[in-house]
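Below are structures written as C-alpha cells.
Two complexes follow with chain A in common, the first pairing it with chain B and the second with chain C.
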Partner chain A sequence: MTKKKIDIKKTLPKVLMIVLVALYLSYLQADPMSHSYAITIIERSCIYSVAAVSLNLIIGFTGQFSLGTAGFMCIGAYITGIVTIDPAMKSQIFYLYGIQPWLENIKLPLLAALLVSGLICAAIAFLIGWPVLRLKSDYLAIATLGFSEIIRALFGWDGLGTVTNASYGVSNIPSFSSLYECVIICVLCIIIMALLINSSYGRAFKAVRDDDVAAEAMGINLFKTKQLSFVISSAFAGIAGGLLAVFMRSAVTSTFTVALTYNILLMVILGGIGSISGSILGAFLVTGSQEWLRFLDREYTFGSLFPMLSNTSIGGFNVPFLRNGFRMVIFSILLMVVVLFWNHGITGSKEITFDRIAGFTKKLIKHKEGNAHE
Partner chain B sequence: MTLSYFIQQLLNGLSLGGAYALIAIGYTMVYGILRMINFAHGDVFMMSGYFMIYAITVMPWNIAIPAVIIGTILLGTLIERVAYKPLRSAPRMSVMISAIGVSYLLENLANYLFTAMPQSYPEISILKHVYTFGSITVSRVTLLAPILTIILTLVLVLLVNKTKLGMAMRACSKDQDTARIMGIKVDNIITITFVIGCTLAAIGSILYFTDRNTVQPYSGSLPGLKCFVAAVIGGIGNIPGAVLGGFIVGICQIVITATGYSVFSDAFTFVLLIIILFVKPSGFLGEKAIEKV
Partner chain C sequence: MLEVKNLKINYGGIEAVRNVSFTVPNAKIVTLVGANGAGKSSILRSIIGLVKAADGSIHLDKRELIGLKTDEIVKHNITLVPEGRHVFPDQTVLENLKIGAYLRHDSLTEDLERVYRLFPRLKERSWQAAGTLSGGEQQMLAVGRALMASPEIIMMDEPSLGLAPIVVKEIFEIIKKINKQGTTVLLVEQNANMALRIADYGYVIENGEVTVHGTGEELLKNENVRKAYLGM
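On to the complex of A and B.
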C-alpha cells in the first residue's frame, strides 16, 4: 500500500470550513437565548438532513422507491422518547393508561437511546423487507407507504396505551444539552452513511440501481443488497425520528403522516437524487426557506408595505394572494418546476466538492471577464 | 349484534364500497395505460368535493352536478397535460415523483383557497331522502351508490370491450409503440382515459361526501391510497377487479369500524394489500387471460 500524501491545497479549505462552522456554532451557543431562532432552524435542518440522506440511500443509491421513512421515524421517536424521559415524570405522562412496569425505571442517555431505536428500526426493516422488497417500484412505494400508516395506527391504539400512551403521545422528552450535541450526532450519522455509500457495499447498491440484471450477473445477490440498503436506511430514519422527538420534546403520531415522507422526499429531489451533499443542501434549503417565506402567510395592506401609498386609496387594500397557506402553494409550485424542468435537482447525482466550487467560480469569473471585453 | 344492525352496516359498507370502486376505476385505468400510480387522483376527488360546495351556491343541484363533473374533468386533464405528458419518456420514478408533487400541490392549494377548516358538504335533498324499513334507516344515496356503481361499470366494460375506442385503449395498454404504428393517437387515448377516470371520481365524490358531510384539504389523500389498494386487490388494470376491490375495502372498513377498532380501519387496508401482494400478486381478477385496460 502506498501512503496517501496529504495535499495541503486540498485539505486547507476543508479544515478552514470546519473551523468556520465550529466558530459560528460556538457563537450561537455562547448566547442560546438570543439566537434561539437560528439554533432551531439549524437543529431542524440537521435532523432532516439525516432523514433525507437515509431516504436518498434507498431511493437514490439503490433505486428502490421506498416511502416508509415517516413510519420508521415514528418508531424511532417513540422509542427514544420513552427511554429518555425522567422516570419520575413517567407516571404523570402516562396517567391515563399507566405504564408497563418494565419500562417504568428505564432511563438511557441520549446516544444509547438513539442506538436502541436505530437497532429496533433495523430489525423491523429486516422483517418487513422480507415480503415488501420483492415488489417492484410502485408496488414497493405503496406497500411502504401503507406500512407507515399501519405503524401510525398501531402507536395511536388504546391497546398499546401502556407503552405508547396512545393518541396522547409521549411528551416532556429532555431536549438536547447543547446545539453541538445535535449537530455532532447528525454529522456522525451522515458520515457513516457516506462511508457506506463509498464502500464496496455502496458500489453494489449503485449496480443494483443501474442495472439489476447485470448486477446479478456480476455476482451481486440482489435481494440481500436491497435488504441491506433498506435496513440501514430505516435504521437511520429511526435515529432521525429519535432526534426529531428530542428536538420537539414530544412524540405524537400526528407528526409522522404521509406528508412528512413527502416533505423529506422533496428535500431529496430538490438536492438531487443520488447525492449526499445534495440531500443535506436540500434539507437546509427546504427548512430554511419554509421559515424565510413565512411573510407569504401574512396579510399586508399596500400601505404597510409601501409607506408612500399609505395616504392614497390603494393603501387600504390588502396585497392580493398573501394569506395563510400561500407559502406552501409557492413551495409546491417550486417543487413541480424542479420535477418537470430541472429533474436532476441542484447537484444532480454529483457531490459538491471544493474542486467543483472552485471550478465553478473560475468559470463565472472568466465569463464575466469575457462579457467585459465585448 | 342484531340482524337489523348487521344489515344497516352492510348497506353502509356497500355505499362506501361503491364510492371507492368508482375512484379505484380511475386508478386502474391510468395504471393500465401509463403504468404509473396517479397519486393525485385522490386529491382530484377532494377538489371535486369543493367544486360542489361552491357550485351549489350559484346554481340548482341538477345543473351543479354536471358542472362539477366537467370541472373535475378539466382539472384532471390539465394535470395530465402539464405534469405527466412532458415525462412520457422519463423513468417511471420521475413520473411517480411528479404525481406526488401534484398531490402535494393540490392539497396545499386547497388549504390556501378553502382554508384548512372542514367545510360542510351541501345536502342535495333528492339524495338525502331517508327511507325507514323497521329499525333500519337508509338515505337514498346509500342505496343509490352500489347500484349506480354497477351500472357505470357495466357501461364502461361495454365501452372497453365492444367499441373502437375501447379497442384502441386496450391496444395502448398492451403496447403503446405498436399502437402508435397502427395509427392510434396514443396521447388522445390517454386523455380520454383521464376524462373517464375523472368523471367517475366526480360521481364518486358526490356519493362519498353526501354521506360524510364535510370536506377538508386532506380528505382525499387516504381514500385515494385506499382506492389504489382496492385496484391492486382486484387486479390492477382490470375494471371489474377494481370494483370488486372497492367493495371489499369499503365493507372491511365499515366492519372494522363497527366492531370498535376504528383506529385500524385505515391500517387494515394496507395489511390487506401486503397479504394480497404476498399470496396473489396479480390480484383476484388480474389473470393474464383477462384483458387489461
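On to the complex of A and C.
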C-alpha cells in the first residue's frame, strides 16, 4: 500500500543514527548522577540550538538583522518559571514583594507553560514588529537590541516585583524530569521550524532576503512576510528562554544581557547563516568547546607530574599563560581561525545531509586510493 | 483588457510620466518603445503597484488597480518580469519557479510542465542555483517564473537587456509562442526593431508622453520612428 518505495540505502543511516543517539542518551540517563556533566552540556546545547535556529530564521532565512533574541528569551523564561513553580513555594520566593493573587495558584505542566510563553512572545513580537520591521539592516538591529534591554530593565524593576520578583528573579523552577524531555522538546521545536522553512512560506522568506523587488513583483507582501518570520522566530526564542529557565532552575534578568544574543549570533554565524544544521552544529560547538577548553583555565605546575622532581630546580615550573580566563583567549583565537578559513560559517548556507556526508567520505577514500597508487 | 488613461507619475517632484494613455487588448502583444529614461519602466511598475501613480487610472477588465497593493494586483492575474531579471541567485531553478506561483494554492504540475516545454534548458538545470545560469537562461527563468502565476497578462521589462543577439532572437520567439498560447503580453523595449516586429500594436514614448502609436508594421515604416529608434 505504500506509495513511495523506501530506499533502504538512504533510510538505513538515518535510522541507525537516531538509534545511536537514543542509545547514548539512555546510557547517560541510566545513571544521571555520574554523567551529570555530559547531560548538562547536551541539555544546554540543545536549548541553544533552538535559540540559534530561531535567530537564523529571521537573520539567515529572511535577511532581517534582528537582535532581540535575549529579550524574548527573558520573557519566555519568566513566564515559564512563574507558571511552573509549585504554588506552595511561591510565597517563599516572592517573600519581599508578595505575589499577584491571580498568579499564586497557577500551576501548568511544562509543555503548556512553554506553549503559553511562545504565544505571548509571538503576540509581543507582533506588536513590536509593526513599527520596528519598517526599519532596515542596522537600524532594525539597534531597535531590537533596545527592545531587548528595555525588557531586561522592565523585568528587574521594583514596580513589577509582584509579578517578576524584581532583581531577585524567579527561582526553584522544577527541572526537566529527564534528559529525554529536554531533548525531545528541542528536537520538536527545530522540526517545526525546519518544516516552515521548507514550505512555501519559507520560500517567501528566502525571496524577501535575496531580492525584495522580485519578491514583491511575485506578489509576496514584504511586510507581512517579515512580520510572520519575526513572530515565529520570537515565539521560539521565548520557548528557548523557557527551556533555559527550566534548565537553570531559575530566571534572573542578568542571564539575558546583550551578551546572550551575541553568543547565539556567534553560533549562527559559526555554523553558517541560512543553514539549520549549521546552527545546531554551532550551538553544540560553542557550548561544548567552552567546556572542553576548561583545562586551559587551571594553573599547571610542571613538577606535579613527576613527584621526584618537585624538590629539584626543574620542579615547580609553572606553565606560562595557563590561568583563569585563558580559555576565552584560546576560544577567541579559534573563532578567528574558523571565520578566516570558512568565511560563510562551517556549513555555508547548505544543510548537512547524509547524502553529502556519504559523498564526502567517498571522495576522501578515492583521494587516499589515488595517493596509494602514485 | 488593460486600459491606462492619463497616467501621471512623479519622482520627488520630477514628472517621469506626464500623460500616457494606451490599451492592451486581450491575447495581443502591445509594446512600449522609447529611449532610456522615457518613463517606460515607471509605467509598468505603477501598473503592478510598485510605484504610486500621481494621477490617472489603470483599469484591468473595468477594475481600478490604482490604490491596490502589489500582492492584490498580482492576484488579478497580471505579472511583471522585472528589468534586469532579478532571479533569486542562491535558490535552485525549481525553487525560483515555485516562488512565481506563491499566491496560488492549486496544483503546479501542469504549469511547471508548460514552462519546461517552453524552456527545456530550465528542466535540465532545475537543481542548479539560479545564480550559476547564463544571462539568457536567467532571463528565461525570469519569464518562466512569471508564467508560473498563470497570468492573463504578462508584462516584460527589457527582456533583451544585455543579451547576445542570438539569445535575444530566441527570447522573442518564446514571447510570440507564449502569446499564441493565449497570454496577453505588454512588452517594454529599447530594442524597438525586434519589439515592433512581433507586436500587434506599439506606442512610442518620449519624455513621459506618447508621441506616435500604431500597429507594429506602421511604426516600422514610420519615418520619424525609423530615424530615432531604428537607426535607418
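Here, the second predicted complex is superposed on the first by the 354 of 374 C-alpha atoms of A that agree within 3 Å, B and C clash if a C-alpha of one lies under 4 Å from a C-alpha of the other, contacts with A are read in each partner's own complex, and residues count from 1 in each chain.
Just so we're on the same page, a residue touches a chain if its C-beta (ideal position, glycine included) is under 8 Å from a C-beta of that chain, and two chains touch if they have at least 3 such contacts.
Model, not experiment: these values are computed from the prediction.
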> After the match on chain A, would you call chain B and chain C a fit or a clash?
Replying inline: fit
> A:143 contacts which: chain B (first), chain C (second), both, neither?
Replying inline: first
> If you stack the two complexes on chain A, which partner ends up touching A:200: first (chain B), second (chain C), both, or neither?
Replying inline: second
> On chain A, which partner's contacts cover more residues, chain B's or chain C's?
Replying inline: B
> Is A:219 in contact with chain B, with chain C, with both, or with neither (first, second, both, neither)?
Replying inline: second
> Hey, in the superposed model, what angle do you get at chain A between chain B and chain C, Cα centres, nearest 10 degrees?
Replying inline: 80
> In the superposed arrangement, which partner chain does A:288 touch: chain B (first), chain C (second), both, or neither?
Replying inline: neither
> Who does A:328 touch here: chain B (first), chain C (second), both, or neither?
Replying inline: first
> Does chain B (first) or chain C (second) touch A:340, or do both, or does neither?
Replying inline: first
> Can A:210 be said to touch chain B (first), chain C (second), both, or neither?
Replying inline: second
>> Under the stated touch criterion, which partner chain does A:269 make contact with: chain B (first), chain C (second), both, or neither?
In response: first
> Of all C-alpha distances between chain B and chain C after superposition, which is the least, in Å?
Replying inline: 13
> Taking the two structures together, which residues of chain A meet both chain B and chain C?
Replying inline: none
> Where on chain C is chain A touching in the complex?
Replying inline: 48, 50, 69-71, 73-75, 79-80, 82, 86-91, 95, 98-100, 102-103, 145, 149
> Which of the residues in chain B come into contact with chain A in the complex?
Replying inline: 35-37, 82-83, 86-87, 90, 92-94, 96-98, 100-105, 107-109, 111-112, 115-116, 221-222, 225, 228-229, 232, 263-264, 266-267, 269-271, 273-274, 277-278, 281
> For the complex, which residues does chain A have touching chain B?
Replying inline: 59, 63, 65, 131-132, 135, 137-139, 141-143, 145-147, 149-150, 152-154, 156-158, 258-259, 262, 265-266, 269, 323-326, 328-329, 331-333, 335-336, 339-340, 343
> Once bound in the complex, which stretches of chain A touch chain C?
Replying inline: 200, 203-204, 206-207, 210-211, 213-221, 274, 349
